[in-house]
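After this come two complexes, each holding chain A, first together with chain B and then together with chain C.
Entry: the complex of A and B
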């Protein structure tokens, strides 16, 4: 059922220069696609969170189980496992292709940084099997230029509550 | 040559030579799956859901168990029902939502209305039927043949003549008690059920859950990570003046096995590992934090007071000996045929079912004391997702291992291949169990499986 109380999205302002954000997101997608996981990790702040909810419109990661909810320590472990030869679920490695598009800036919610909303399509190929993921990214970005960092990355998958096979490569 | 007992049900046992084998056909041949559906899933008690999932009168959810679509509902009198989600008129799907609250269910096809107890309440074209037509119990939604619960765990049985759930659970009951008693007000399922689609036969997951040998190889990366976290944590704890010697058990698989062995030797069944009716379990002292009543240096010291307090309250409630058993040990219990309850980094309830031999649907829930604080709940979810989730640091590697095995079995049809489950049958060195564990629990499962398949 559609929530009748929700607000219609407003036409995004054309006054904001999206190029720095787009460039950042494209760069992040490339690091992931090409397996530069340590460099990907370096894009996150020390107190960053990386969240993949399991329910559509899931309000928070603390009262409901999530697919992933990583603090910096867990994210480091995830990356460390990805670079370990004994991660059997990545032998052979997945080949991935991420497309990031429809970039807009969310209204200011009073948190530090800027929340950038985008759409992504992720194709993952491994062991004669191709999987397709799609959804919405929310990146809360702090800092500028080379110093731009991810304070929060939330990934809303369109099939978050579907039966999924193991998830190893980050979205 | 020793006599070989060959059974048509796919296992081969040669006691005097210490050989126990399982035909790889049981994972690939549709005939076996058909027989399993008929002789196991239509005869055994199957886990359905937890009482907390129906918090109020009128709460309902829909769930597929053993390939059947059911409605799980609590009626206006508070009674729990499991009903086939199929309209008695012409088969429409009566309830099309995942969960919610409702006093009636209306079939969207032609509008028949059923109460939350399943009784037919209204037919829009009532005049077309004889007087009192809708009041016949036969017109109501069909209830599952048997529905019983133990300590909040609801099970169904498709066989109306089955023994009681109480008797069926046999020696597994104390394990359910140890979980149910972790709360003063009642355990509750945390929202966010997880489902996995795995390209392997359901029995491979059940086997994996009682397989001590894979832990050290498949999960190496996880154990190294937890060792590191524990080391950093220990320094942090000592810096804040907490003594950590008591936690100094080495987090190695070898230590875990010693603990399991010691724990097993204290049980009444000793080495039998067998809880009856095909169920089995193991316990071992936890060398990590447990979100119920056991803090560990790998966790922030701020969590210690609440966890210590819940331990003290547990002692007051169930006595020191049982409290230690509940809080300081990890417990795995596998209930025949397809339920695993793991109580270690959190409590996980998991079922698995195949509709095709080479595929299974795994459903997974986590359970927690309803009264725990927000802080501890947060810690629990981190701890749980770390290892046990579809994106955790343990599960994907398990999936990889069993999917790889399943792919290989296809070829094994050419040469009549058999799996070897003999470890510990006739050990040349009996102490090897202490170092490595053995495959005795798998044999408990397979023996019961063969018994049902023969029946």
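Entry: the complex of A and C
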């Protein structure tokens, strides 16, 4: 059902230079597509979280299950498993291709850093089967020295509540 | 229409300690299973907390047939075939909701909550026997619907054994789930995982009590969790997941010496628990569980609380379509879609009267044991897919289910137990039930050989 109380999005400001954010997101997508998972992990802050909700407009990852919800500790374990040669669900490995577009900056919600919203299309090929995922990324990015780091990454899949075979490669 | 296989041919596919692989791959067998097992047995469809008030409903699927399960005006639970009696449109399209009548979207026929026809627009010119009172104009009700302590089962067959007989001693796993709630009540909460695989429905149940597979199948997540440093930031959720993955690394000696497997008539079984982690097992010492114990003792007394804590079960399978973890507030419903396609829906339960944090831990636990993106379950899904691929070859025609065969023992409650948890007795037991449904025999011939 459509939520009638929700607010119409505002036209994004043209004053913000999006190029640093776009460059960052494109780089992140490339690390994932090419399997540089340790380098991907290094983009996250020490208290980062990574979240793929299972419901549209899911309020939180604590009272409802999630396709993936990792605090920093579990994210490290997830990434370590990805490079284990005996990860049978990645034998053979998936190949993925991500396209990240429609980058905008979300209004300030009082949290540290900047929340960048973008659209993605992800094609995953594995064992004669090609799957298509699409949705919205929310990256809360914070500065650490000269570098940009991900404090929170939320992935809203269009088909988050569909029956799905296993999801192994992070979105 | 004649059945694809004669009883003799079916009987020859199930031997005491092996079964013919056709049972997992043949579409004709699958169709027979849909009519002889899923359309005859008691099948779990949902929980009463999903339909608390009159008019609350949810949709379900049994033997691939769409149904709507509803709390009728008199408080009773009804299950209706989700088909309009006019020209056949599916009436209820939402997964769940609340209504005071069902209205078809095609020509607007309306139905009472119990399925009786209420009103028909343009109600003129029909033959004489056309009336809202005529049972032929109703949404057809499923003949038998019954709940046991809040768990709703139905049977598409109007005759057969009672739900009590069907459950038998396995009711104790349902009891255990409810008895763990300080207020004596469960509530389905926390969303649903829906996962699919390209494989037969039986593979799923056969894996759930398989104590011999974690060490191999889950070695990537076991190793990754064992190597994880504990001083890295966690908000508590990752900690639960990592502790669970480490527990999967218990060695064979543990499974063979400390854990048991019990089976009962009609294909049911449960695996003993294997956890010894204080954040996962309510019987052990942890601040959240201490608070829970106080709540239990306040409501139920010390003796009963202790009795409940001593019940230690991992998966309980209620054949043919449900598996639950009473101790961990998880429940899975298995939906066969085709001979090589299965969908599984998993649910969490909130224990009424337990500390809030306990349910949060239940959600974290669900993410790792039942999650579509779990570091563990994804390897199980890969196994189901690989069994299907393996069976598409021209390898051995027989599937071996003989581990522990020579050491099965009777159980005091009318079942059979394995010498220890690595026995495949629970698979042999499911095939006894399979024979019973498919052939109308009791499986006695197989037991004799055993």
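We take it that the second predicted complex is superposed on the first by the 168 of 171 C-alpha atoms of A that agree within 3 Å, B and C clash if a C-alpha of one lies under 4 Å from a C-alpha of the other, contacts with A are read in each partner's own complex, and residues count from 1 in each chain.
Keep this in mind: contacts are C-beta pairs under 8 Å (C-beta built on N, C-alpha and C of every residue); 3 or more make two chains touch, one makes a residue touch a chain.
Since this is a predicted model, take the numbers as computed values, not measurements.
Enquirer: Looking at the combined model built on chain A, do chain B and chain C fit side by side or clash?
Expert: Clash: chain B and chain C overlap once superposed on chain A.
Enquirer: Touch test for A:123: chain B only (first), chain C only (second), both, or neither?
Expert: After superposition on chain A, A:123 lies in contact with neither partner.
Enquirer: Regarding the shared-chain residue A:46, is it in contact with chain B (first), chain C (second), both, or neither?
Expert: second
Enquirer: Where does A:72 make contact in the superposed view: on chain B (first), on chain C (second), on both, or on neither?
Expert: It touches chain C, and chain B stays clear.
Enquirer: Applying the document's definition of touch, where does A:142 land relative to chain B and chain C: first, second, both, or neither?
Expert: Touch partners of A:142: none, neither chain B nor chain C.
Enquirer: First (chain B), second (chain C), both or neither: which does A:18 touch?
Expert: neither
Enquirer: Going by the contact rule set out at the top, does A:163 touch chain B (first), chain C (second), both, or neither?
Expert: So A:163 meets both chain B and chain C here.
Enquirer: Given the touch rule stated above, what does A:31 touch, chain B (first), chain C (second), both, or neither?
Expert: Neither partner.
Enquirer: Can you list the residues of chain A that meet both chain B and chain C?
Expert: Comparing the two interfaces on chain A, one with chain B and one with chain C, the shared residues are 52, 54-55, 58, 61-69, 71, 73-74, 77-78, 80-81, 84, 86-89, 91, 161-168.
Enquirer: Under the stated contact criterion, what part of chain A meets chain B in this complex?
Expert: 52, 54-55, 58, 61-69, 71, 73-74, 77-78, 80-81, 84, 86-89, 91, 161-168
Enquirer: Give every residue of chain C touching chain A within the complex, in rising order.
Expert: Those residues of chain C that touch chain A are 189-198, 217, 219-221, 223-225, 227-230, 232-239, 241-242, 245, 343, 348, 359-360, 363-364, 366-367, 370-373, 375, 377-379, 381-383, 385-386.
Enquirer: What does chain B use to touch chain A in their complex?
Expert: The contact residues of chain B facing chain A are 190-199, 218, 220-221, 225, 229, 361-362, 366, 374, 377-378, 381-382, 384-386, 389-391, 393, 395-397, 399-401.
Enquirer: Which residues of chain A touch chain C in the complex?
Expert: 46-47, 49, 52, 54-55, 58, 61-78, 80-81, 84, 86-89, 91, 161-168
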